[in-house]
Structures are given as C-alpha cells and as structure tokens.
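Two complexes come next, and they have one chain in common, subunit A, joined by subunit B in the first and subunit C in the second.
Our next item is the complex of A and B:
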C-alpha cells in the first residue's frame, strides 16, 4: 500500500524537506516518501496541527486499520478514519442495511436499504475520500476467521454489538499484538477505552509491587461478561444516535492519535518499553476509560463525561496474565477454545415456569373472546416506551425493573399472605386496578405479559413468592412468548418494537 | 470533576445497567466504609444487584480504578472509602 497515488509526486521544489526528522534515517522507510499534491491539498488542515505534521500524515497514509462492525459506532468512526487518510481500511460486517439502522448509522443511506453494510459504507467512504484502499469483509467475525481478518492490520476498532465478540476480538488482539480501540454504547450510555497499546507480548509485563508494566486488555477491565439477560442490545434497549455517534468519532480520534504518533508499531527490540516518551508510555499502561452519560431529562450537566483511570495488565487476567500462554492460543481459539458464546450466556438466572402456570397468547385471546376469562388483572412488564406504542386492552404497565424493586422491598418487609404482597400491590398498581382487587376481588386472576416471554415468567414467580396467589386460590399466569407472540398469533398489525 | 457529598457520606454513582437496576443515578451512603463491604452494603439495599450488576462491573473511587478485594491478586489492599469520596459502579456496555 506504500507509495500509492504517487504518479504526480509533489517535489516541493526538489528540496529534501519531506524527509523524516525524528532521527530515523532509513531510505526504505515509508515515511521518507513525498506527498502527492492531491494528498497535500486534502490533508493540509490536519497536517498543520501542532504535533501532527507531514510525518504524522505519512504514518497515517501507510497505516492499515480494521473496523469491525459497520453500525452505529463503525459508521462515524470510518468517516473520520477515511477522511484522515488512513492508507488501508478494512471493514467487517455480515449484516444488511435496515431502516431501523438509519437514525444513527450515518454511513448508510435510504437508497441502500437491503444491501450489505460493508458495501454501503464503502460507497459512502469512497465518495468522501477516494484515496484510501478499502477492503470489504462481508462476514461476521468468528473464532474461526478472527485471526486471519485481524493479522494484516496495524490497529483494530471494535465497533461490534455483543459481549462474546468483544472478548474474541480482544483475545486475538492480545495474541497478534494489535492495539485495540474499543467503544460501546447502548440507550443513553457510551464507553471508550484504548487497550493493548503498546502491545506487550502475552504473559509479559505483569505488575510488580503495585506498579503496572503493560497495557490492559478487555478482560483486564471486564473480567466477567454481564449475565445474558442484562446484556442489552440496541435492538431491545434502544440507542440515541448522537450518543453512539460521539463514541464512534472519539474512537477514530484515538486511532488517528495512535497511528500518527507511531505508537502502534511493535518495537523491534521487543518488550515495548523504554522507547516511548516516559509520560506517554505511563499513560497508556493505565489508559483512560471515557464514560458518556446522556440524560434525556436534564440539561447538559457536569456529569455527562467522566474520564476514569484504569488499571494496567493484570496478573490474574485469563488472556494476558500469568500463565496465559498455556490457556489462550490462536490455534485453540480456532478450535473453539474458549467457547465465547458459552462464556457470555452462562450462567443464566432465568426462571422457566411449569406449563400449568403459563398460557399461550392465542389461548389467552380466545378465552377472553369467549368470556371464559372475565374480570382479571393484566400486567405488562415492558418498558414504558414500548408500552406507549400499543398494548392489549386493559393492560396496566409495570416495567420489569420497577416490579423487581418493589418485590425486593416487599419481600424484605415480610410477605403477609394477605393477597396484596404486603403493600406490593399498593406500590406498583394504579388505583383503578387496586379497586378491583378488594371487596370480593381478592382472588382475581393475574396475567403477566412482557416483550418476549422471559421477564413475565420471573414476574409470575416473584408475585407468587410474595404470597399473592393466596395459597393457590388466585391464579397467576404467564402469557407465553410475550407481545411478540401476541403479534404472531393474535394481531399481526400490532406495532411490536 | 467529582460530585458533592453530604457530611459523613460518600457518593455512589450508578452507570448504565447499574442505574436501571437501582432506578437512581447517584446516592449518598454513610462513610467510612471498607471497600470489601461495598457490595454487601449495596446488596442490602438492592436485592440481586451483586449477581445482576456488581459482579461484572468495574469500580472506581475518585475517578481511579480499584481492584475489588478477591484474594486473587497479590496486591489486594484494605482500601477504606472515605467521607467525600466518589465511588462509581460501571457495568460493561456491549452494544454499538
């Protein structure tokens, strides 16, 4: 990729002022080449920034960056990576563009709905800057292909959307010694951290006497994945465009900084120590985790951004700590060891109810239609925003989180078995529903529905645990499969989100 | 910038799913408190928070990462959360 587009070399009056000035005098050094006039024009505004210069630009032009994920993070990141003139840009994504992507995935377009995201984004980037070499990888990253995808690049941007992939990418970056710029975002939160930079060999540079000697990997920061149920996806939890966009742009900023200053290069002497400026090196060994909290209810406040000082490489880290070479290898990953999906899905604390405590959406609907279910209480545990788009007639909204909290409080105060769960009912149900549950309505059946049928089962168990089944006199039932099943089995026009 | 705290207390900030679980962004708790008692104290207020949030979160005091005492790393220290400190509970965010 070196010396591309140099058929019209701008000789700058034939002087040697374009040669590197950092003391590395090597004729085969890519940094010794000249800039084309096109490059000169295009990149002049960033080259004149102090600290960047021609040398920084040449480093960018000879760098190779892999962007994994062409979504809410990958699109804004790629725009600035391409704009800055990174020489080779690889993009990995196996999905196609969908309408629900477009509010945040600014590298796609309405006219490209249904086309592969990788092609769509490269179309956009090529229009922005035709000079870089774009390499499409229209596939998902997997344990089988991860090392082959990552190996040819200098630096990786993790713009993916699930925990299993994040651990996989981090592990392979440790093994291949690639710096990793990791960002993530969901709902109203964003996180950004530079990992594995400088990329010290696996198992080396362990902390001594409370002092960190190497940069952390993703596992050093987050040893355990969140429970599968708590790992929200943008599809389920929602995402604000500017939040994820900001994190993607910041990711590009960190990548450009690392590449322009040459911090991604593995020192030939190995060990990755003693070569960088002392201050800079120390900072990277304990990188900053940037947190962005976007509060929809408040004006821009002092707590929107936080920069947290992280730890360095940990002795106990599975991937890069003591003894890690014996348990994590490229060959092992390819053969399915460790099992990333298993690691990120277990243990699940989800409740599965016996069949007699459940009813299908279709059966519930039919029983209602036939009048077999007369007075009853229907609790919908989806988030308020989901509920606001539509619900079953007569449903009351008690978001799952609120229900769990109220149940925990009621259970601490001691269940009284009086059918209202010791104040639980008063805390969470609106007055008109509570009114139905007294004066003869003490045993009114309760049905619980959620989005996809998991939370509702746990809710049923909580209500029962609080004694709300009145020793079995009151039926408490889960509507199987949630509102998703309701749409599929009962009402195809239901606006399921 | 750190948060203001009432006298004799430290502040806990709940990020991402920690905020969803507690339905709070921040609250004050009595100081001092040994770091190793932090999770137990939070569990007493929010049943289930250890398993659902804390075990996979990272914890900072005054914007600096602290290792939760586990016995795994040699350099575990008896850190005490002091009056006026700002503790943050930061679960990983995975989506994008």
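Our next item is the complex of A and C:
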C-alpha cells in the first residue's frame, strides 16, 4: 500500500492529459487534487481501465447526479453510481418499500418494508460506499418542484415509471441544460437512450440540410405519448427483475461514461464544434436507442439487443425546436403549462356498462351461496398466469385477448341468434362448459370477471354483440371490480396479483 | 403484378403480441401497388395516366400488415386513423424512420422494418 499518493501509478491507464502532482493537496482545482488513501484503494480497479485514469475519477468525485425514481431502474443504477464514487448523489422518490418491489428493487431490504424508498436506498448505498454525499428527496417530482430538484445537479437519470413524469423531466432538463439518461422497462423489454447531451440551449442547433446539429430531447424521440390504455405499467403487466436491472445498470454505465469523460460539460461557446472529434460528434447528436427483448422460452437470440440510430434535435420539437422558447419555460411549467397529465391521458374508449348489466362481487357471492344463481357459466378473462394463482370456484379461463380475437372472428362470419355466438362458444370454451350451453342450456346466464373490472365489461359487450344473449333471454353480467373486488368484498385470503 | 420483394418485419416492446406473438416475420410483399382512390373517380375507368403502380412505402406496409397479419382485433394498439399510433417508433434498417422519409420511404428488397412500442415502466 505504499505509493498511494504517488500519481505515477495512474499514468499507464490515465488519459494523455494527465497532469502529475506531487501528492500534496496544494491545488484548489478539484480536478487536480490528490486522491485520499481511501479513494485510491476503493477506486483503483476502475481507474486503471484505459481512458479512465485519475482525471476521470476526479471528474466523478466532483460530479452531482440526480436519480429520479428509487425502483427497478433506480436501485441498480444507484448502486453503480455510488460504487463508482460520484461525489453527490440525489435520490427522488415519494413511495415506501413494498414486498412486491423486492424481486427487482435490490437496493431495498425486507427489514425496510414500509419505510421511504429514498432513505432505504441511501441506507444500502452508504453501506456500499460511505464516501459520496447522499441527498434524500422523499417526494414525487412534480411540475412545481422539478426545476428546484434538478438545478443543483450535473446529470439526471430518469428511472420513473410513467409517461407524464418522463415528459416533465425531459422538458426541465432541456430548460436547465442537463444531460438525461433515460431508461424504461416493462414485462420482458427494456429501452435506454442518452438525451440532451451535450445540452444545447433551447431552440438552437436546429438541423440544417439534413445534418443534425444538436442532441435530441425525449420529445424529439418520442413526440407523443401512447394512448393511456396502451401504456403498460409494471404493476399491471409484470416485470422481470433482471430485465429492468440490466437497463438500470446500463443507465449508470452511460452516466459514468459521460461524467468521467466530461461529455456533459456545456461547451464554452455554443455551436462551436471545432474541437470535437467527428465520430464523437455524430455519436452524441444522434444517440443510440438500445432495446432489449427478453424471451422466457428462448436462449439469448441475435435480436435480444438492438442498437438503433435515432435522429438529432428536431425543428418541430415542442420543447427544444423552432420557437420553443416562447412555449416552454420554467415559469410556465410551474404554473401548470403544459399540462403533463392531460397530455398523457388521451381518452380511451372503454366500455361502461349500465348498472343493470352488472353485479357486485359481494352480491354475486351471496346469490350463489343462497342458491339464487344456480347453473351458470363464469368466465374469467385474466391472463393465464394470473388465473393460475387462484380463481372463483367453477370459473373457466378465457384470456381477454383470446376472447376478443375469437369474438372478432365470429362476428366476421356473421352473428347468429342461436346463443352460441356463431361458433364462438365452440372455439373458445372448454368442453365441460360447452356441454352445458347447448341443448336447453341456451339461456344459461354468463358472468364475466376480470382483474379489476374493465376488461369484463368489454367482454360482456362483445358477447352480446355476438347475439349470445338470445334477444335478452340469457343474462350476461359483469362482476364489478373484478377479482380485486372479490378479494376486498368476499375472500380476503384470495391471492390477488 | 406478381412481382414481390422479400423483407423482414420485426415487432418489439410488446407489439409482437398483436402479430401471433412472433417477433420476426419474413415476408414477401408486392413490389408495386396501385393506390385505391377514395370516393369519386373509382367507377369512372382509368385516370389520365396508366396506373402501373407505385413502389411500396411504409404507409402501404402498415396497411398490409393490418390486413394480412394482425391476428389480434385490437388494431388500435398499432394504428390510429390510418397511421402508426403515437408511442410506436418505426426503424428502417435500424435507423429512426425520420432519417429515411417516414411513411413515404420506398421499401427495398432485403429491408428490415422494426416497430417498437415505447416503454414507460421502471
């Protein structure tokens, strides 16, 4: 452990601009100070990587990173951000740790269930590396607080979980000129892209003659959010821990790369690109979108990872394009302009059934207990995986997508009035149920239940549309609130996911 | 008329769900198409110029996919008002379609067209 402060040891792995010092911390420039013994020991393995060196490490030590979201992306990202020795690490999250987080949110712990995620994660990070300064922000990011949260930092990691927040964070990063490392993941897919790096002022560096002159923001790449119904959340669609973890780790990787090499630094004179190497310039102004597709029933395939070339800053971009200064300002955002929630909640045409076509979970249960509902068919439209954990006695599983598909085929072939939905019944229902529905069973009532009570209403409408209600002689009802309501109203022990 | 070109079409980010749960489709699509004229003019025979067909574009492909390969009736998860719905990125040979002319890009033999749904979870 001798020679700790003798910088010669770094020269092999250092960059060419390495400036030797005599090991005495006599320079006020934080980028030319000596490393402490502790820093030297802790960061030695990454400092000897070609391109990093002491200079890169010192840049990390003086950097400030804000991680927004302490969940499936934020936890793995924060571990490597902290491990690498980023000097100041802020973490924003307003939630508390829940048991269902822990399969992927590996910066928390079973013993910290119920505690704020921000403090839980900082507990974990401090044990890993006590040297950085950790700043807890135990709140959600909102239009009102976004600029104040982001301003003190050099770079932002978007580890959040919804479209409205993603647009908000990007807009504020454009206005405050902060590079943004954005990732997202749901079910079996992940995405990662570095935005706004280098951060050119709003409205400048617009493309000319097919040449991109500035890096894009989130809105340049993803101009409009998906319809609310198409935006899946991890809570609804599920999420594989390693998939989201991989994306979070990749975010940390990009952040460390940007900060260690000074890519985040705002150029001294905007638009001056003379000093940049040509390859680097292109790379930054037209970032790569990395997508990861994970298959539960296949080995890693040739298209598991894809690197896609994105366009640069767009003239038409609302946030950073032509005329954007007039429509997007920090003051405006604070006052609620634009309205992010509204922007991301495009109305979706969901079916709402009248009350007489619905029954509460409790009423259904009681009627069954009292024998008022005798023979009937109960269709559960949840996904097979959800159904596999438990269902109401006698329910048959017809996943919603499958039901819609069969209904579409049946209606294309023309509805019939015979109560079997023109072959729909034969195609989709298991034999034991089918048997009950023919030869006198044409008027057997059908109840439909789903997870939370939305799909079931649409399913009821489809079945009616197929003429399965026999002109009103057969009752087709939706169980209100789905299996969630069943758990709440009837069976608290039901394993609802 | 029977001239076709081979391409591969990929779906990602959950869109594969709408296309038989298959991520990659190797297709032979018509090399040329004749534009359907809306409303008038249709029954009135040929227009001024002999319509031999135009090279197929991404716009054609989207319609073609919906008509021939979409197994799921939830087509609004893929197209809205005749265009790719918001929240789906289109990549032509691994590059943002904006770099290639978006819907008007003329598809070449061997092209790879990727449709990716943008994700928001985390």
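The rule is simple: the second predicted complex is superposed on the first by the 459 of 497 C-alpha atoms of A that agree within 3 Å, B and C clash if a C-alpha of one lies under 4 Å from a C-alpha of the other, contacts with A are read in each partner's own complex, and residues count from 1 in each chain.
We take it that a residue touches a chain if its C-beta (ideal position, glycine included) is under 8 Å from a C-beta of that chain, and two chains touch if they have at least 3 such contacts.
Everything numeric in this text was worked out from a predicted model, so none of it was measured.
Visitor: Just from the overlay, do subunit B and subunit C fit on subunit A, or is there a clash?
Guide: Pair status: clash.
Visitor: After lining up the shared chain so the two structures overlap, which partner does A:315 touch, if you call subunit B first and subunit C second: first, second, both or neither?
Guide: A:315 sits against subunit B, while subunit C stays out of touch.
Visitor: After superposition on the shared chain, which partner residues are touched by A:237: those of subunit B (first), subunit C (second), both, or neither?
Guide: both
Visitor: One more residue to check, A:162. First (subunit B), second (subunit C), both or neither?
Guide: Both partners, subunit B and subunit C.
Visitor: So in the superposed three-chain picture, is A:175 touching just subunit B, just subunit C, both, or none of them (first/second/both/neither)?
Guide: neither
Visitor: Touch test for A:225: subunit B only (first), subunit C only (second), both, or neither?
Guide: It touches subunit B and subunit C both.
Visitor: Looking at the overlay, what does A:185 touch: subunit B (first), subunit C (second), both, or neither?
Guide: both
Visitor: Regarding the shared-chain residue A:73, is it in contact with subunit B (first), subunit C (second), both, or neither?
Guide: Touch status of A:73: both partners.
Visitor: List the residues of subunit A that touch subunit B in one complex and subunit C in the other.
Guide: In subunit A, residues 69, 71-74, 159-163, 166, 183-187, 189-191, 221-227, 230-234, 237, 239, 244, 247, 289, 291, 293, 303, 306-311, 314, 401, 404-405, 408 are touched by subunit B and also by subunit C.
Visitor: If we count contacts the way the header does, which residues on subunit A are in touch with subunit B in the complex?
Guide: Counting only subunit A, the residues touching subunit B are 69, 71-74, 159-163, 166, 183-187, 189-191, 207, 209-210, 221-227, 229-234, 237, 239, 244, 247-248, 286, 289, 291, 293, 295, 302-303, 306-311, 314-316, 349, 401-402, 404-405, 408, 411-412.
Visitor: Quick check on the complex: what are the subunit A residues that touch subunit C?
Guide: Checking each residue of subunit A against subunit C gives 69, 71-74, 158-163, 166, 183-187, 189-191, 221-227, 230-234, 237, 239, 244, 247, 289, 291, 293, 303, 306-311, 314, 346, 401, 404-405, 407-408.
Visitor: Show me the residue ranges of subunit B that touch subunit A in the complex, using the header's touch definition.
Guide: Per the touch definition, subunit B meets subunit A at residues 1, 3, 13, 15-17, 20-21, 23, 25, 46-48, 51-53, 55-56, 58, 60, 63-65, 67, 72-75, 88, 90-96.
Visitor: Would you tell me which residues of subunit C are touching subunit A in their complex?
Guide: Subunit C residues touching subunit A: 10, 12-14, 17, 23-24, 71-74, 76-77, 80, 85-89, 91, 94-96, 98-99, 114, 116-122.
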